[in-house]
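The structures come next, written out as structure tokens.
One chain, chain A, appears in both complexes that follow, with chain B as partner in the first and chain C in the second.
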Partner chain A sequence: MQASRARLFKEYKEVQREKVVDPDIQLVCDDSNIFKWTALIKGPSETPYEGGVFQLAFSVPEQYPLQPPQVRFLTKIFHPNVHFKTGEICLDILKNAWSPAWTLQSVCRAIIALMAHPEPDSPLNCDSGNLLRSGDIRGFQSMARMYTRLAAMPKKG
Partner chain B sequence: MDSEDDMLDAESVDDFYSGDTATDSDNDDGADYEFMGNDSDDSDDIAVSRQQKNYTVLEEAEIRRHQEDDITTVSTVLSIPEVAASILLRHYHWSVSNVHEAWFADEDRVRKDVGLLEKPVVEYSNARELRELTCGICFETYPLDRINTAACGHPFCSACWTGYISTSINDGPGCLMLRCPDPSCGAAVGQDMVNMLASDEDKEKYSRYLLRSYIEDNRKTKWCPAPGCEYAVEFVVGSGSYDVTCLCSYGFCWNCTEEAHRPVDCGTVAKWILKNSAESENMNWILANSKPCPKCKRPIEKNQGCMHITCTPPCKFEFCWLCLGAWLDHGERTGGFYACNRYEAAKQEGVYDEAERRREMAKNSLERYTHYYERWATNQSSRQKALADLQQMQNVHLEKLSDKQSQPESQLKFIIEAWLQIVECRRVLKWTYAYGFYLPEHEQAKRQFFEYLQGEAEAGLERLHQCAEKDLQTYLSADGPSNDFNDFRTKLAGLTSVTRNYFENLVRALENGLSDVNSQGACSKTTSSNSVGGGSKGKGGRGRGAPRSGGPSRNSDDSSGWSCDQCTYLNVGSPTECQMCHQRRQNT
Partner chain C sequence: MSKRVLCKFFAHGACLKGEHCEFSHDWKDPSNNICTFYQKGVCSYGSRCRYEHVKASQLQYSAESAPSSSANSLQHLVSCSVPVSHPYRTSSVGVGPVSGFPAELSASSIPFFPPVQPIWNQESGHHDLLDNGDVGELRSVNLADHSICSFAAAGNCPRGEKCPHIHGDLCPTCGKHCLHPFRPEEREEHLKTCEKKQKHLEALKHSQEIECSVCLERVLSKPTAAERKFGLLSECDHPFCISCIRNWRSSSPSSGLDVNSALRSCPICRKLSYFVIPSVIWYSTKEEKHEIVDSYKAKLRSIDCKHFDFGNGTCPFGTSCFYKHMVKPGSYLWNTTLMPDICRSSVLDLDDIEYSSDVMDMDAVLVLFEHLYRPHKPVGVEELEYKSDEDLENEVSMAEEMAFFPNADWV
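Our next item is the complex of A and B:
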């Protein structure tokens, strides 16, 4: 408990400093609970998510960093490895490939990389995975684009 | 016509016996003599030596020794530390030859795959880094003596290492493949670091996983599946029978780790066990929801459509769902295709009690299975009982008997021998019922031959069991040494050896799929049971007027041997004394 709090505090201070360095990620710690974080990440360019801003929720376990944090999308996203309803993410480093050397910041970077390179062979969102697997890139992109516009972009007047 | 068939059938039975048994008895003669005459001290070994040993049972200490030997070999040959050799061996499923092969083919690739670095990837040069470093997990800065690194040099503090290693060990055997916590680094973390940094409890767990891995990841070894048994069995792959017996006395099949099941093959055993576990649940559903095809008895569920049912190929029987009569009889005469008035009429008369009838039909298809299952299970429990009796005999009765009959215990081993044989026979007999269940119905000749062999086996075993159980009681409850105790010894030892031979032949015959039948099977379809009945092995119908008047005295055809009155063994050579039990020949 103490170790995880100390480590999270280190990360907190690091984040304050890095804010300028990585403009795509904005990590915010909950005011009252250092084990709850949210992040805003920008959809990577040249993907259907470009221009969107996606909100992630982190729930950090007491054994952190020996155990990985739980992360899910709060913003609706159409992506093969993200559950369409719950926002749960299927990413190896959040499960068995976790290493205590990862940080919340690097998890965000890994999620951005996942958005740019979906893994349709282990889909959590089967409709999305099937579109990609059947080679319907255009269909996939327009769906993903539509949901990005609906959910991840500021409403225009 | 009939007699010709009889003859052929008798011959096939004859072949089966004279062929195998004759050669066998030659080999066994010596052993049996020794065994018969004065019980040798090591009669335990007889059972073992009869089959060539193609496996070794390993105790924990031996397993550790083997493992250490392998590690030392690799370490010496490749000039790498033992910890590295251990990691390497585990990666290659503990095959020393595979390690050598891969290593000498492409050392760099192997090093990369396994995570054995030759030099650190991180080097420290500036003055501050030579004094203190920042841990990659908790991000605190520590003096060098509180920092540890794997071969790669990525620095983590002792506390974080301990946590990292402990988490991994408690996650399971994956801890044997532990790597440096740095995500970009693949450096292996071996037992040396675990021993340096983990708690005693975790060290013990790690060492256990390492030992288990040596057995479980190795293609040549398996744990004995008996509950609580800690021995492992090393098997020479590709060498005959898979049946092995652990030091704990549990016999199992090395291939599928089910209990020993010769003569039945692993696939059949798996099917049978699955059937046994599934059947009880399915039975109710089948009873409630299906009717068996009136012809082939396969259960059919009617989920839609008309009453005209056509069973699936190959049966293709067409019948009426309501009355289960052939569809050929239906049509205008029975009041139309969709409402069977035979059924309606009968129902009105109260002939059909729907529920009862349905139960009856389902029972037919299950009856066959139940028949075999019951016998399988009975032999199973008989075997358990015999095992318990054997234990009782060893622990209690043997000593008592030794006192009563003034015989040294070493000379009473023939009794233990007999009980061991009973246990083994029960096991074989049990599996012959699974064998029988899967023997195709249409192979009439085989079925008949099989059932005959099985019947004989059962009868022979009963004789032995009777002798070992009931006859023995007399001597156990006697007041002093009995005069005829030596006769009893001869009888029981004879029966044991005969029964053993019979069962070994039976197992062999079933394992080669009763191939003796194939050549002549077609014509023995009409064989009536009289040609195979009785204790004498297919001696009856030789044609040429051999006495067929029944009784044991019909065994006088010397040219093809005679069967012994006591043990039923078919003697070919010796004219006056049974080769098997040494009983003098009678009724000559």
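Our next item is the complex of A and C:
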């Protein structure tokens, strides 16, 4: 309990310091609860998610950093490894390959990398996974781009 | 003599020995207030110690001399001379109360004066308080018996060239004039310890900056002493606190984490390490790491494994256990795997013993030759259990040959 708090506080300070360094990630801690964080990440360029801003919700367990934080997308996203309805993310480092050396910041980076390199063989979103597995890259890209426009971009007008 | 020293317990109002106490229960007698740690070499309290820091030569006398005269006792404390004015000691040692007798000369004639005690040479200049200026006489005796000037050893001597005491040579490591020119062992000792200390200090300084990647704090800035230790992984060079890395490695696999690819591996490089070694300093070279690991393992090897329990238990680590696995006679392992064979195959030998001398108890014989029979090497339970009977037979008969070989000389 005490250890996780101390560690999160350290991370908080680090985030304040690094804000300028990484423009793709904006990590914010809940005002009243250091175990709840939200992050805004920019969709990586040269992907259908480019131009979108996606919101992530972090729920940090008390055993952190011995146990991984729970992360899910709050913004709708069409991606084979993200559950379309709940926003749950299928990423090994958030499950069996977690390491206490990861920070919330580095988890965000890993999620950005996952957006650029989807793993269609372990899909949470079967429609998206099937499109990719059947080789319909164009179909997948246009679906993903459409949802990015619908959900992750500021409404125009 | 001890009757004259005030009992410490009596002084606090609670001596359980009462009349039979070997120390004095008379308030008029002086108390023995000498720091025994200083006597042995180093007192970690230094100048803050509440006990008196006097040398070993003073041990016997200072208690007696304390009440006699303040000036006299001061002399005893600051010099290393025999208390010349005290009638008891002077007569027994055979040194007359010669005024201006060279302090160091008489000190060297006392048999229990420890020959090598570098700390006294670094002590602030007490010799100079008892300066008798008899330089000629000093030089005429063996130079190795003189202590060096402690002012010079501490930094600089105000008398410079005119100082009647020997000025030590400069130690290249600590930069003090504390090397005795005529005591080679002492020089050697000082150089060795000084270098070691310096190395340790440097390593410690270097280690201050190192952060643990799990708690993101500096390992040596942690609140409790138990946490201010590094946990070295055997296969890679990433630093962690011992508590952080141990917590991580022992966290339950039921939480969905892979044991080998996540828990047992380095959190940073994911290299699999089978053990963690605690260390107060962080290493900078491979050799230093080896040294830390080896000394840790050596320490563990001297401790009996509590799982193995001298052959009564089962150690899950088997032959790769770091702790000592010693089979005690009479233990489960001894009785089940070794005893019957010995009894069976050693009938002849036993007969020999019985004919030639008094009836010997079998157990007594075994205990006598235990060291020959079972070398103190770690032996896993598995190793013994899965041996075929033949193997065991061979091993036993060989060992037993060794054990009973000295029979002829022995009886």
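Observations on the model:
Methods note: the second predicted complex is superposed on the first by the 157 of 157 C-alpha atoms of A that agree within 3 Å, B and C clash if a C-alpha of one lies under 4 Å from a C-alpha of the other, contacts with A are read in each partner's own complex, and residues count from 1 in each chain.
The working rule: a contact is a pair of C-beta atoms (placed from the backbone, for glycine too) under 8 Å apart; a residue touches a chain by one contact, two chains touch by 3 or more.
All figures in this text were calculated on a predicted structure; none of them were measured in a lab.
After alignment on the shared chain A, the placement of chain B and chain C results in a clash. Touch criterion not met for A:12: it reaches neither chain B nor chain C.
In the superposition on chain A, the chain among chain B and chain C reaching more residues of chain A is C.
Touch criterion not met for A:84: it reaches neither chain B nor chain C. With both structures placed on the common chain, the touch criterion links A:95 to chain C but leaves chain B unconnected. Listed for chain C are the stretches 236-244, 290-298 or 398-406, of which 236-244 clashes with chain B, judged after superposition on chain A. Overlap of the chain B and chain C interfaces on chain A: residues 3, 6-7, 10-11, 14, 63, 65-67, 99-102.
By the touch criterion stated above, chain A contacts chain B in their complex at residues 3, 6-7, 10-11, 14, 63, 65-67, 93, 99-102.
Residue ranges on chain A touching chain C, taken from their complex, read 3, 6-7, 10-11, 14, 63, 65-67, 95-103. Every residue of chain B that touches chain A in the complex is listed here, in rising order: 136-140, 154, 159-160, 163-164, 167, 181-183. Across the complex, chain A is touched by residues 213-217, 244, 247-248, 251, 255-258, 261-262, 267-268, 270 of chain C.
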